[in-house]
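Order of writing sets the labels: A, B, C and D. Residues in every chain begin at 1.
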Amino acid sequence: MDVGFLGLGGMGRAVAANLVAAGHRVRVWNRSRPPVEELARRGAEAAATPADAFRGDVAITLLADDAAIREVGLAGPLLEQAPSGLVHVNMATVSVDLTRELASAHAARGLGYVAAPVFGRVDVAAAGQLAIVAAGAAGAIDRAWPLFEVMGRRTWRLGPDPVAAAAVKIAGNFMLASAIEALAEATVLASRYGVSAESLLDVLTNSLFDAPVYKRYGALIEGRKYEPAGFRMVLGLKDVRLALAAGEAARVPLPFASVLRDAFLEGVAHGDGELDWSAVAEVSRRRAGPDL
Amino acid sequence: MDVGFLGLGGMGRAVAANLVAAGHRVRVWNRSRPPVEELARRGAEAAATPADAFRGDVAITLLADDAAIREVGLAGPLLEQAPSGLVHVNMATVSVDLTRELASAHAARGLGYVAAPVFGRVDVAAAGQLAIVAAGAAGAIDRAWPLFEVMGRRTWRLGPDPVAAAAVKIAGNFMLASAIEALAEATVLASRYGVSAESLLDVLTNSLFDAPVYKRYGALIEGRKYEPAGFRMVLGLKDVRLALAAGEAARVPLPFASVLRDAFLEGVAHGDGELDWSAVAEVSRRRAGPDL
Amino acid sequence: MDVGFLGLGGMGRAVAANLVAAGHRVRVWNRSRPPVEELARRGAEAAATPADAFRGDVAITLLADDAAIREVGLAGPLLEQAPSGLVHVNMATVSVDLTRELASAHAARGLGYVAAPVFGRVDVAAAGQLAIVAAGAAGAIDRAWPLFEVMGRRTWRLGPDPVAAAAVKIAGNFMLASAIEALAEATVLASRYGVSAESLLDVLTNSLFDAPVYKRYGALIEGRKYEPAGFRMVLGLKDVRLALAAGEAARVPLPFASVLRDAFLEGVAHGDGELDWSAVAEVSRRRAGPDL
Amino acid sequence: MDVGFLGLGGMGRAVAANLVAAGHRVRVWNRSRPPVEELARRGAEAAATPADAFRGDVAITLLADDAAIREVGLAGPLLEQAPSGLVHVNMATVSVDLTRELASAHAARGLGYVAAPVFGRVDVAAAGQLAIVAAGAAGAIDRAWPLFEVMGRRTWRLGPDPVAAAAVKIAGNFMLASAIEALAEATVLASRYGVSAESLLDVLTNSLFDAPVYKRYGALIEGRKYEPAGFRMVLGLKDVRLALAAGEAARVPLPFASVLRDAFLEGVAHGDGELDWSAVAEVSRRRAGPDL
């Protein structure tokens, strides 16, 4: 398939490399050039401009956030020059507001728009094992399906409205953050009663909390090893903000998200914004006093 | 083994029946008589008074809460008449304060004290598959070990201080409650964007949240089916209170527990105290407006 | 003085009328025309366009929010046509981000910019008794001073950076909202113990809480009389959002603001957005159960 | 009048001294002796035991907390030996649960019970300017009225049920704590935007927040001068706990109280428990990062 690809951060590089390896023709663009050159060495074509990449059968974008998406012109200018019938698959975590705006901007220009955010980190992406949540017109999803099969372990179809996929991704990240915060608070509490994080997690992750999220973040919190960051705290704060904004737009109070916001913000204030978001455990620890 | 058993609620009946079935001699006592008679029909001996049951090699108690434990006299009178060397295994969820008091009261009278709270509901107990968290003197735990093997799938040893086991149980229930609240908020949020609870949970429990707790409570929240209660909301509120009290005694702020307290309290205020604690999802729903 | 005036909501009409009455030459503009005509009848000049009003010695704006300010062009286009040396006095409650943007956009075009938000409602404005918080270049504030003397009971000078005034206004409204929420929770609590809101407020506002804010909002909450709204709940929610955004930009966690956000949002979700913001007391009441 | 007086902390000494000075016969008891001797030098009679003091026309108690009240025997033993018809006026801040228990224990023994907590600190008490909130049988309040007139600036009658007075006191202290927390958060926020606490407070306490509470605590927070403590943070935490317990018993969620609990607890964890409770401002400051 003829695939355009914009956004070669860690996730983008992993996904694009898999598409190339699977035999697709992939034109890649990124704001900085080194990732483009790296992908080109692996068989992708280097695109000089976003417009050069935003064409073909399917154009995939994996940009950092709402601002980056606007900056590249995906809410306007870039769409003007796109070939009619192009299907744009946006795999980033995006606000519900921008999702609605993008969906209607694409529809107005005869372009397909699929929101297809993913769960999984770079290593999962590299292994082609992402969990993909796709929403958009059925035909557009069908077109992208062979690509999803390369990238992911499983793809869920969430119906024709892209905002559904955005909401699931935002809700999922909110739940991840909540699990981390609960782990953080529980770990500090237990430690005050002589129970090591290791012991606590051994019990919990081998009984009711036998899930990847608790094992992964439990290990990070236990070891207080937050670098290199799998997902940076500033991004965690951003995603909590997306949840709060989605809640506000839909009039859904989210008291856990409010607590998370304050906790991540406190972590960032203390200089931990570039650490893994599980470093929010250090916020819990600090609040419990200087002796811990 | 010669086992005393006090407290024949749902959990107590299931555990005691397994001990009888495994060939142990079990003397059972309960405040109300019918459960005693039921167990007697299955081969247990009926004890007329707490003191009559609180003897043998090991005495197990599975009473409702701190108040019930005090009422039976386990913080004082009942210990006076207990045979020297008796090992008391307390399997209830107990406050850290009472745990410390019990540990020292038993020690003062030459009795063994093991805190051995469990994770699992009645059906899990009936299947002999409980997760048991034991703390107390090693010799005392050794004595009870054959009983733990009958009751549980696995027993963790958490060292000589019973408060460690109490803390793990309290921390674990706090994490359960947090997972439920996160599910509740996420479900309401997603529903406002056209995503059914069923879809949301299909994605989440088949990716990062592939754990018993999310599957079980996700299904209850999805179906809004909170009866019969697996664990009543009033007990959830009680356990959150135990977490807050443990945090306060150890000077550990627990902002998630504060949110949980207010949510469960609101649920109880609206008449849902006897429903399963996952009915806290109805609190999230109600807060989001009358039209949901 | 030659004064331009943009924004004739309730506050704007009251302030502009006072300036006219004090003998100033006032050119008024508003998006809808009736308020313009009303002021014209009282001696103001009707401006046909924002640019027509945005000139003279001082231009005052009292627009609804950030969006209205941008829409009129005050962050860009409108400044291009403004006469050099014009001093713009912005009396609205504005985000810290927009304040910084406006300050620098004005400076770049040689225009003065004074942030001068006010405390007080329409009746206070009509009486010329506003509390005005002004920040900007000293010369620019000096130029506007005679106007402040007409409008207000007292004006504070907060230095050269307009963001200082924006922050004080945002902090002040956050404190107002906090006082209302505290009143709301306390009132519901006391009522459950047989103490009427009237009794509670009689004690409190005649002892430690002998302040206008407690008397005013106490009376509204006591009477459950939230219409006509002195300040609508949707605006309260907006101002809490400004506080949270200011906190986030400066990395200051504001847990009370998080609670306020959820409470106002819940009030709006229940259809009370157009009521006075003290109707947040109904949220406290509803949470305490259907029987209250 | 013949007055017994138990509890000679700072408040107790000030009140008792005023009663002596007003010509009443006052028998004083305290757990430690020096305050007893001090009052004796000023004309009081020294009582050797609580029972020796708990008699006369009216017995006033001003003990530290629920535990101290129980310890002295006021929920039981001490009442047995009290002369029939004695009116007990309890001026301490007491839980609603203990208030109910005391009211019924006194009634059962034919003793009068008036809950009469006060607003005001030691200096206010010394000046005879307390605000007194009295609830109990009308005749019992009448009996104590001349004493209230000596102690206070004004006394409110809140009806026959002592719990009403307890609730007003608890609600009032909750509102004080809320005002302090709002000041704390607002001050830190404003400081990040270049506004000193002095400037912020000058504006606020001269406009909408022109109340003793904001002036007093604003000054303490501005000067970061938390010693000597007017009211210690550990007592603040205790009173927030009373509010939460009263809320829980009456099924009233109090989200502000939950935030306050976590903030005071964090302050205590950081060693500030003996400082004035306005030192909770240091919690806000610390959360905003190490550079503030």
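The definition used in the following text is that contacts are C-beta pairs under 8 Å (C-beta built on N, C-alpha and C of every residue); 3 or more make two chains touch, one makes a residue touch a chain.
Values in this document were obtained by computation on a predicted structure and should not be read as measured data.
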item: Relative to chain A, chain with the most remote C-alpha centre; value: D
item: Which of A-D and C-D has more C-beta pairs touching across its chains; value: C-D
item: Whole-Å gap between the CA centroids of chain A and chain D; value: 52
item: Distance from the mean Cα position of chain C to that of chain A, given in whole angstrom; value: 38
item: Separation of mean Cα positions, chain D and chain C [Å, integer]; value: 37
item: Contacts with 2+ other chains: residues of chain C; value: 247, 251-255, 259, 262-263, 266, 269, 287-289
item: Residues of chain A defined as touching chain D within the complex; value: 255, 262, 266, 269-271, 287-290
item: Residue ranges of chain C in contact with chain A within the complex; value: 237, 241, 244, 247-248, 251-255, 258-259, 261-263, 265-266, 268-269
item: In the complex with chain B, residue positions of chain A that touch it; value: 96, 119-120, 131, 133, 154, 156, 158-159, 161, 163-164, 166-168, 170-172, 174-176, 178-179, 181-183, 185-190, 192-195, 199-200, 202-204, 206-214, 243, 246-247, 250-257, 259, 262-263, 284, 287-289
